[in-house]
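Here the structure comes first, spelled out in structure tokens, and everything after it is commentary.
Note that the chains are named A, B and C in the order they appear, and that numbering of residues resets to 1 at the start of each chain.
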Amino acid sequence: MRMPIRAALLLSTVLLYGGTPAQASAPALQATSAATPAAKTIITVKTISPEVREISYANPPLNFIVPETLVALNQAVLDLSKDDRVKVVLFTSAVDGFFYNHFDMGQFPGFIRQVSATGKPLWVELISNIEKAPFLTVASIRGRAQGGGDELMLAFDLRYASKEKAIFNQPEVGIGLFPGGGGPDHLVRLAGRDRALEAFLSADDYDASTAERFGWVTRTLPDAELDEFVAKQAMRLATFDKTALIETKKHINAIALPTEAERLEAYHQFTKSVTWPGLQQRMGVFGKVIQDAGPMNVETRMGYYVGEGNRQIQESGRK
Amino acid sequence: MRMPIRAALLLSTVLLYGGTPAQASAPALQATSAATPAAKTIITVKTISPEVREISYANPPLNFIVPETLVALNQAVLDLSKDDRVKVVLFTSAVDGFFYNHFDMGQFPGFIRQVSATGKPLWVELISNIEKAPFLTVASIRGRAQGGGDELMLAFDLRYASKEKAIFNQPEVGIGLFPGGGGPDHLVRLAGRDRALEAFLSADDYDASTAERFGWVTRTLPDAELDEFVAKQAMRLATFDKTALIETKKHINAIALPTEAERLEAYHQFTKSVTWPGLQQRMGVFGKVIQDAGPMNVETRMGYYVGEGNRQIQESGRK
Amino acid sequence: MRMPIRAALLLSTVLLYGGTPAQASAPALQATSAATPAAKTIITVKTISPEVREISYANPPLNFIVPETLVALNQAVLDLSKDDRVKVVLFTSAVDGFFYNHFDMGQFPGFIRQVSATGKPLWVELISNIEKAPFLTVASIRGRAQGGGDELMLAFDLRYASKEKAIFNQPEVGIGLFPGGGGPDHLVRLAGRDRALEAFLSADDYDASTAERFGWVTRTLPDAELDEFVAKQAMRLATFDKTALIETKKHINAIALPTEAERLEAYHQFTKSVTWPGLQQRMGVFGKVIQDAGPMNVETRMGYYVGEGNRQIQESGRK
């Protein structure tokens, strides 16, 4: 596997929430210190019933995906896959304002080093394990699903979103990266060529109603009804015969999912894109944007700030 | 071909509207006695014009598909395919409250024995004959399209549904069966992976507006406008050049239809699922549900009763 | 390549806006005289910014595609493809009431003779060049996109349509031709099998809202907001890294576009369809319809007049 470690290390040093000592005490960084034992609690598995479990994610305040997320989430999926009773697994967030957010860009070297037991990139293996899990994966989406967090969401079987509070954004192209986490591969099959192009190229915010219209989520529900709807759906499915549920899931998924080989190739293009000059050029500007506006403002107005950063780059190039 | 005849016979004896002598005089059973000569009138072919025909279905009161349905419908499709004048065939129901309903589960052994002249399961051959027919197949859907009846509908070229009166349900998974009539193969290509999963896994009722939003039907029309819309569309298409119509249909269908091999494999998985323990476990409970609530109540609130039966099974297992 | 030149010449002599001397001074014909030097101005390339260009089309009053359109448009696409600065190309119309309209049927022999430098039909090559262009192709659609003009539109990356003023129609099947310009191949992947069948078989008018619901366009915008939306989207995308934009476009397009081989086969079926008797039969009737109603009336009520012409043919056959 080709690992542009040097470029990624550079990225880690320079970009975004990454770690100069002066910033080490900022809340955003604290939350993403994956090396600390505390980080292992970012994934919590709850037993709703023998047949229904909930994997809750909490990496406050911005709910970034960090390398530990992949390890813990993959382990939870594998563990639940071995439990014959489990029929439905809910994926939720315990952090206000965010579902799963994007990869912590300051930890790219860590992500790129992550390899599964079978020698595949851990991210690719995680998505494969989710897709072939012998239970139904159901996302309850409140807050922002961004970057890798949105690509993770697209791998689930069913996706229910809060009409008022769910927002979707794929910022990769806007910061100069290739979106190689499988998201385009999933979305193009759901939304069609042009809408997938718009979503991934514009790097803009999409509200839940637009996402539903595009086929990005299965349904939207008024926020006040989301929890009850998801709970009822889960409890209903959990009473059905597991063989019937899973054989039917496998049949439909075999027709409509991108292959692992396709996702693997896309992932390799992503790791290569870390060395693209366009990204290097954007690092400093976005670092400054985040410093000026604050991480929370940037993360909750992603579409706007991606545009703003690029506008500044273009203006400076034109001077 | 592997035929789990023994299991199917067991099913026939025990399940649902199937035949104990005491139930033999119930309306539901009478209507589905395919062996009587009268049953041959369940399919009526009407000539609207030389170019437009209508195949009307009537198996009151519940409009179940019975083995005779497949024979008569296949023959009608083959006969009309030989008539060079025919350009459009409408598929309608003459029974209030139902389009084509699901297979009569009491007659599974009969279905499984049905083989076409070319040695394929008759159901698979019927769908193939519909899809390659040298005329346009247009469904006018008022009432419930359920199970095999919905899967039949998904094979037609155009599907127009009454906004108020059309309802869609695929109950198979909810009763422990694999939905192998081609429905998932069609719907996943129209609705996308997650919505096809939800429809086939939840075994719930879908109103016409949701079905339209999912791509399950071509259009919905207010009930008062449905007949006129379908008639106008049929008469318009019927004035066009047959070669242009059929070559274009063939071109689009070749890109987007599941193959016969794919449907055949799914069908074999369905026949195997008749022996799944999950189905056996549900037979008694659903038989009791139907006995208590009455067939008409169950068939017109399918989503609710599928949930209710499974809920009872789970509760009894937990005691 | 099989060229049914004789049939096409016949068509040219007899059909529609084609050229008897008596009609030579009609506005419709004047506008489509591709041989005159003036015709070279039908394509105008404007520089909005170094990164954003606009290809404006003007062939008043009916904005037909003529053989010169293919030559000029292909050249513009190739020229812009060589300019490294270009990231977004807008495709617009300067003619009120029409986006790109259908092929001028009086010039079919000219179209069929058009071969690219690589020996392919120029139309097929043009669509390929658009699809592999190293910039984003964005259509701003106000007025009617019909026939080949609509098929051209379907090849663009993003398609934004005026909610009030955009109308879509594929008349080919209604006049007895095979729609072989790639349109069905694109639309079936966006709208699903049945909706693509309806659109191409009915040859009827589709308003922008229906088109949006079918996935025929990316978005509709109120007419008063269309220009600003498209300009903002273009300017935003133009600030992004070109490598990120184009590699992502290529990745998504590779999954979802029909292949050139598929489009080539469809094109050959189109050229063969020029000899179909159904077309010959319709030529005289549609010529009379156009003569009686006037080209502008027919072109702006295409769905109605296609139906009316076929109705007359059927009635005359029944006498």
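We adopt the following convention: a contact is a pair of C-beta atoms (placed from the backbone, for glycine too) under 8 Å apart; a residue touches a chain by one contact, two chains touch by 3 or more.
Note that the coordinates shown come from a computational prediction; the quantities given were computed from them, not determined experimentally.
K.L.:
Can you grab the rotation angle between chain B and chain C? Superpose on CA, round to the nearest 5°.
P.N.:
My answer is 120 degrees for the C-alpha fit.
K.L.:
More than half overlap in residue numbers between the two sides of the chain A-chain B interface, or less? Answer same or different.
P.N.:
Mostly different residues form this interface, as fewer than half of the numbers used are common to both chains.
K.L.:
Need the CA-centroid distance for the pair chain A / chain B, whole Å please.
P.N.:
The answer is 39 Å.
K.L.:
At least two other chains touched by the same residue of chain B: list those residues.
P.N.:
Each of 189 in chain B touches at least two other chains.
K.L.:
Name, in rising order, each residue of chain B that touches chain A in their complex.
P.N.:
Against chain A, chain B makes touches at 172-174, 176-179, 184-185, 188-189, 192-198, 200-204, 258, 262, 266, 269, 273, 276-279, 281-282, 307, 310-311, 313-314.
K.L.:
Name, in rising order, each residue of chain C that touches chain A in their complex.
P.N.:
136, 156-159, 189-190, 215, 217-219, 233, 236-245, 247-249, 251-253, 255-257
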